[in-house]
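Dumping the structure here so I can ask a few things about it.
Per-chain numbering from 1; labels A, B, C and D assigned in written order.
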Amino acid sequence: MNEIWRMIGQRLLLGVLTLFIISVVIFGATELLPGDLARELLGQSATEETLAALREQLGLNDPAPLRYWNWLAGVLQGDFGMSMATQKPISELVGARLGNTLFLALYAAALAVPFALLLGVLAALWRNSIFDRASNALALTAISFPEFFVAYTLILWLAQSGLFPSMVRITGSTTTGEMLYMAFLPALTLTLVVTAHMMRMTRAAIINLLASPYIEMARLKGMSPMRVVLRHAVPNALAPIINVVALNLAYLITGVVVIEVVFVYPGLGQLMIDAVSNRDIAVVQAITLIFASAYVLLNLLADVLSTITNPRLMHRK
Amino acid sequence: MENTRLLTIKGLKIEGRSGDAWHEIIKGVDLTLHKGEVLGLIGESGAGKSTLGLAAMGFARDGCRISGGTIDFDGIDLRTASETRRRGLRGKRIAYVAQSAAASFNPAHKLIDQYCEAPVVHGVMPRKTAEDDAVDLYRRMRLPNPDAIGFRYPHQVSGGQLQRAMTAMAMSCRPDLIIFDEPTTALDVTTQIEVMAAIRDIVRQFGTAAIYITHDLAVVAQMADRIKVLLRGDEVEEADTRSMLAAPREDYTRSLWAVRSFARAEHPSATGIPVASVGNVTAGYGAVDVLKNISFDIHAGRTVAVVGESGSGKSTTARVITGLLPPREGEVLFNGKALPASFKARSRDELRQCQMIYQMADTALNPKLRLRELIGRPAAMYLGLKGKALDSRIRDLLALIELEPDKYIDRLPSELSGGQKQRIGIARALAAEPQLIICDEVTSALDQIVQEGILKLLDRLQNEFNLAYMFITHDLATVKAIADEVVVMQHGAVVERGAKAEIFADPKEDYTRLLLSSVPEMDPDWLNRLLVARSGLTPND
Amino acid sequence: MIILISIIVGLALFFMIGVSARSALQAVAPAHHKPTFRDMPLTASFGLAVILFYIFVAVFAPLIAPYGESEVLGAQFLPWASPHYLGTDKLGRDMLTGLIYGARNTVGIAFATTALAFFVGSFLGLWAALVGGWLDQSLSRFVDALMAIPALIFSLLLLTIFGTSVLTLILVIAAVDATRVYRLARSVAQGIVVMDYIEAARLRGEGMWRLIRREILPNAMAPLVAEFGLRFCFVFLAISALSFLGLGIKPPTADWGSMVRENATLITFGDITPLLPAGAIALLTVAVNFVVDWQLHRASGLKE
Amino acid sequence: MTKHLIGQGGMTRRGLLKSGMAMTAAGLVLPAGMAMAQTEPKKGGTLRIGFNSGSTTDNYDPGVWDTNFVQVFAQARHNYLTEIAADGSLVGEVAESWEASPDAMTWTLKIRSGITFHSGGTVTADDVIASINYHRGPESTSAAKPIVDPIVEMKSDGPNTVIVKLSGGNADFPYLMSDYHLPIMPAKDGKIDPTSPDGCGPYKVDDFEPGISASLTRHSGYWKTDRAHFDGLLLLALPDPVARQNALLTGQVDVINQVDLTTVSMMSRNSSIRVLSVTGNQHFCFPMDTRAAPFDDNNVRLALKHALDRQEMVDKILYGYGAVGNDNPIGPTQQYYAADLPVNGYDPDKAKFHLGKAGLDSLDVSLWVAETGFTGATDAGSLYAERAKAAGINITVERAPNDGYWSNVWMQKPWVASYWGGRATCDWMFSTAYAAGAPWNESYWDNERFNTLLLQGRSELDDAKRAEIYHEMQAIVSNEGGVVIPMFASFVMGVSNAVATPDVVGANWDLDGFRAVERWWFA
């Protein structure tokens, strides 16, 4: 167990390093973007005079390294700063939307993960059967359509008939039940998008093991195919499956801008896009770091789980 | 006898698929096994031993199918029985012990869970009883700490113990028949004896019938009541063990027997500066010393065999000489001159002088390169050969290793047999025109007849080019065949070294004696005698 | 009922194409490859047939297309009837022509992008695995950092900085993809560099470049090629997603990703026009993956 | 990157300076009130509008509003000194009446009494002064700064009178005060609070989540009794055109703006909604740099003006929701519109003829476009290029990124796509975009005769003479100008049949001049 803690510690340190690299990359990238916050805020009606005034007010005239340093110093003290475009603290701006993003990600994961694993296991069990081929072809088809296209199709089928709403409107009084109902279509779209990947990986990971001597041993012990797959193959295929699930969970948190737009879902992705177009660097940085942390933490979680579920790593000689 | 008949196989045909075509692996074999009887199945790789063994369970591997004949197990026709019916027999009445217990135990579950699986699923006994039973059987199998060992995971248990645990697991439902598929092949000689003894005892205790598959005649001689010899899916002959050993009827059987007789003439004793000299080398990975102060010399035209069990530091010694592992202390001299410790610091010519042949030709040859490049590259690189000169050199080398140049020059390694691949490894080493060749277990993955061919080739080349060989092996028979000098290693240290004749005739050290005495002999009573002789000397496993 | 019929017709087509492609390939293949094609599953031969068809269309687009790439011919959104068998688009351009030229542009761009990503990504990945140590660590950390930035957002940033010409689009998507390729190439190569033949080559004194090119790369090809197939298809989707965010390929260059985006609004009214480019992408994706699956299966040596 | 990365891009991006206000010589003082539809409006209900815009940076600061979400949101909670009525006339709002000195340099505004803020206070002259002052001065970052810059001094004369002194005579001043950046907000210590939603408009804010939604309820003390019929409003940001359409079709909203024209015909088949479209002065154009070759030769300009099929553009880019333009920025609804000008139609031969006069056989030019230029600019460019081929003109359509289009492409590249939100008066339009030296003279056009006429027209008070002057100016622009204006684009809205609209719907801005929230009602 100590080794796990040490691994977690090491990986968290590496994660911090990763986040630092990312913050430099993103800061550099936003610096390179044409135009600046002042120009974006004032829009086309900007004059040189008003631009200069606004730049002075926002402190945009400081050299870039100094601004980065100020930002970093704030972050190290736990203060992500203010959104300059909206003049609101980042935490206030990001807080609710982060909740929404996580809700949608978890909702979609709750649908997609069991579904994908079940399909993957069944496809491996009945490999090369009609079921296997059909689910594979369908899964491939689902991922080969752009996300917004899948979303529009679902709207055509499920929203226009009035079965589910095509847009999500969250107010203070929205209950979880209502949320589940309203967010069903976005969650379903995401499910279709990520299922294929997880299912194919599950199937491949299991089939990959079926040539192992211990699988043959299990069969020679007279175990049923279902038991062979579930009890003998799956526990050993967990590492790749956990990894692909983590990767897709990370995607569900970080990569759903398009879905947010189509279903008017107030998540972090839209906020991020807005912030980029406004050159609101503090917000871009904060959201990128949230996304990157999600990625880093999920990968870490995946590795920890892979370790815990692997007796070879858990029980040394 | 008729009523004690347990397994009757008649005219069994099994086909394997390559692509769309099916070809026969087993070409109509008969087999009869009585209750409590042990039948030895022997043959080289590709003889169909395992396939036949599995067929006795009504089982065909993926890509294989039983295409003819009958398999009658205690009145049940395994070919026509439903899959469910067959599943009901497997593990319960017919059990299987695989070659590599390390690979055949599921790494995700504890030993005892895997032990209990068959009895519980087949409804033979409840879990609790099964657990108690496991401990009992572990004890009978003379496993250390039988109460606790079941609660370990496979990777926490040594190979020999795992093999016994697997035999115990096969016994869990007290089957009528156990198929042992080369259960001791992967083990060191000293461990092999323990396992053989344990298996033999338990089979006798429960009166279980067994099919014992192996390629090692000496092993089968200890285990089986009867022996059946297979060659490429056909039966060669079958006879009672003692009569088979005494008087094999068929030429093929005799040729199997004869392999052991190869021995080359001893070379004149060493003179002059050794080609390579390992001087007081201590080396290791991290803080652990794998080699502890070892020294030995290799002279031109002579073969030094480095012998020891797995983990004794044989291969590490080779890594020190080649420069892959710079030693912590000591040095390697080449023709009296110190070599840079790391291969990266060595000159091209220094690299050329010392070549290596690997155990697994499959991993030692780049599977995507053709022989022309595999062999030609060292010649082009070290000797600067190009074009015609290079081509003719490659052809010469192929001819040297007895492969027809025109036929083989553009082949891929996958288009060669195991022995041919090993020959390519030899040709590649020769292409550099070295003084020293390190042979790391070069024959241990090969069948005995093929082994002999390789050894003869190596011997011829040594005479032709006055090569020095460092011959790493765990197989004392090979040592006997080819070595001039022997270095015995254990736990990273040299236990004993000297001329082959001296070592074999009069080993000075206990370990050397243990090693030598553990080599199975083709005498059915050898194991009994040895166990009696050793009863004072308990194994350290 | 219509769905049922179309499924039956689809399956029939699938088998027809698959079987005939298999026999055709067998007939034209060189002798020692004949067994390869004889053994291939129907899905793979179907996939191969589709891919060859796409390549044919892409190469000979100007010869096949009934009209010019940007030619405005008549009213917009004409129904499917002669002479516009797939109707016209919103400017009155022939839909079939657009799809045919789209094949050329889309497949061309996707190929260039993926090839570039693989060249850079696999070289760095193999290099890192081979050299190991400090180089491996720093490269891997950097790539980890880049991968932690969501791909879409990262490409969006880069495209905003560098503009949206076809060249920058290729470079940016390739850069993002290269990180994924690096990871794969590195992990595959880590399995290869421990092989004895690499040790033998190192002991022989081979240089880095030759080790990568002759010793490692040929053995890493199978998984890399499989990944190539997948990445290749994802380029279409990336272009499509980017054009959703307003950063796709510039007209009049017709590409399927942008065509899907352009017509996607129609789908909510049950119009099937957007299905054409989307279907073209989907068909190619499925086809490529069928072939990739087959190749992987062959490489894995599983007998089933 | 544009502000509207998502969706179809905003029409109102360029805000104030491209907006226009009617300036009629006779309209300096007009009574309040306007013609309403015959049916008696009903009270009640919550109007839900889906907007094509909405950003997380949207806020209450009047100096930065630039998308129709905030513009309508502003009109919903604020009143202005003046208002452009649906018919284009100017009416008083907070200002009851106004009066100018003879040199039009000093204006006296009479503040309507009895108007209350949501927070309770009454609107006074001080509030008005503070509200306008917010946009003035060196620290101001307001987009309306150029409008209020000519104000030299503002002072109150009692609680209901404001006196404004200008640096130069400007007969347009009351029009300027209707600008959406200039709401009247409560003053405290002579300053308004730009972060406060407080206003004296018809609705007060309950909740505002930038980039997502805003909800409002009726201000019980609102002074207009014949307006603001809804109990409440819900404004939703629905940037994706499909999401917007579906929201309307499935009854999740009552009104949407910027209907996706590709599918408008299919949408309109739905019997529960109707498509509302008004054509004003909003026009799409292709200005060229008349200083640079080859556009410095009017023959080339004429050739280009005859090389495009305007009707086809209206049909295919606007799907019929618009009108053909004649390279004249003055629209048919305007007072001095010259209806009898010869039409610059699609005529490849004529284009060739003009090209020949310029001494050219063929012409290769690049046209820079982006969707921010105008919605459909890329397609319009493709169409233009396709049609111009027949005249031997090869147009290379260069699609520029939306982001930075207005700073890096527009007025930087020799030939670009652009649009104007519309101008109600000739003087305003011409002096902004066609007068020599004007900052937004996007064609860098300098026509002596035209410039002289512009000054004459501004000072001319006689209607007939003005008509004559503006007629000539339009002819000059159409024939010699450097801007190709192929079409006038309508504002196209989707409206649920549950919503009733007046007979006359404002065409100066989207959604009934941003005032749908106040002028419409549930049937």
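Keep in mind that, in the parts below, contacts are C-beta pairs under 8 Å (C-beta built on N, C-alpha and C of every residue); 3 or more make two chains touch, one makes a residue touch a chain.
Only a predicted model underlies this, so the values are computations on that prediction, with no experimental measurement involved.
Contact count check for A-C and C-D (C-beta pairs in contact): higher for A-C.
Among the remaining chains, the Cα-based centre furthest from that of subunit B is the centre of D. If you average the Cα atoms of subunit B and of subunit D, the two centres end up 88 Å apart. Per-chain CA centroids place subunit A at a distance of 24 Å from subunit C. With centres taken as mean Cα positions, subunit C sits 46 Å from subunit B.
Counting partner chains per residue, subunit D has residues 1-2, 5-6, 242, 246, 403 touching two or more of them. Multi-chain contact residues of subunit B (touching two or more other chains): 61-62. For subunit C, the set of residues touching two or more other chains reads 156, 160, 244-245, 264-265, 268-269, 302, 304. Residue ranges on subunit A touching subunit D, taken from their complex, read 33-35, 38-47, 49-50, 53-54, 57, 85-87, 93, 152, 155, 159-160, 162, 165-167, 169, 171-172, 261-264, 266, 270-271, 273-278, 280.
Residues 35, 38-39, 195-197, 199-206, 214-215, 218-219, 221, 302-304 of subunit C touch subunit B in their complex. By the touch criterion stated above, subunit C contacts subunit A in their complex at residues 43, 141-142, 144-153, 156-158, 160-161, 233, 236-237, 240-241, 244-245, 257, 260-261, 264-265, 267-270, 274, 278, 281-282, 284-286, 289, 293, 300, 302, 304. Those residues of subunit D whose C-beta lies close enough to touch subunit C in the complex are 1-2, 5-6, 9, 241-242, 245-246, 260, 262-263, 266-267, 312, 315-316, 371, 378-379, 381-383, 385-387, 397-399, 401-403.
On the subunit D side of its complex with subunit A, the touching residues are 1-3, 5-7, 13-18, 55-57, 59, 64, 66, 138-146, 195, 207, 209-213, 236-240, 242-243, 246-247, 249-250, 252, 403-404, 406-408.
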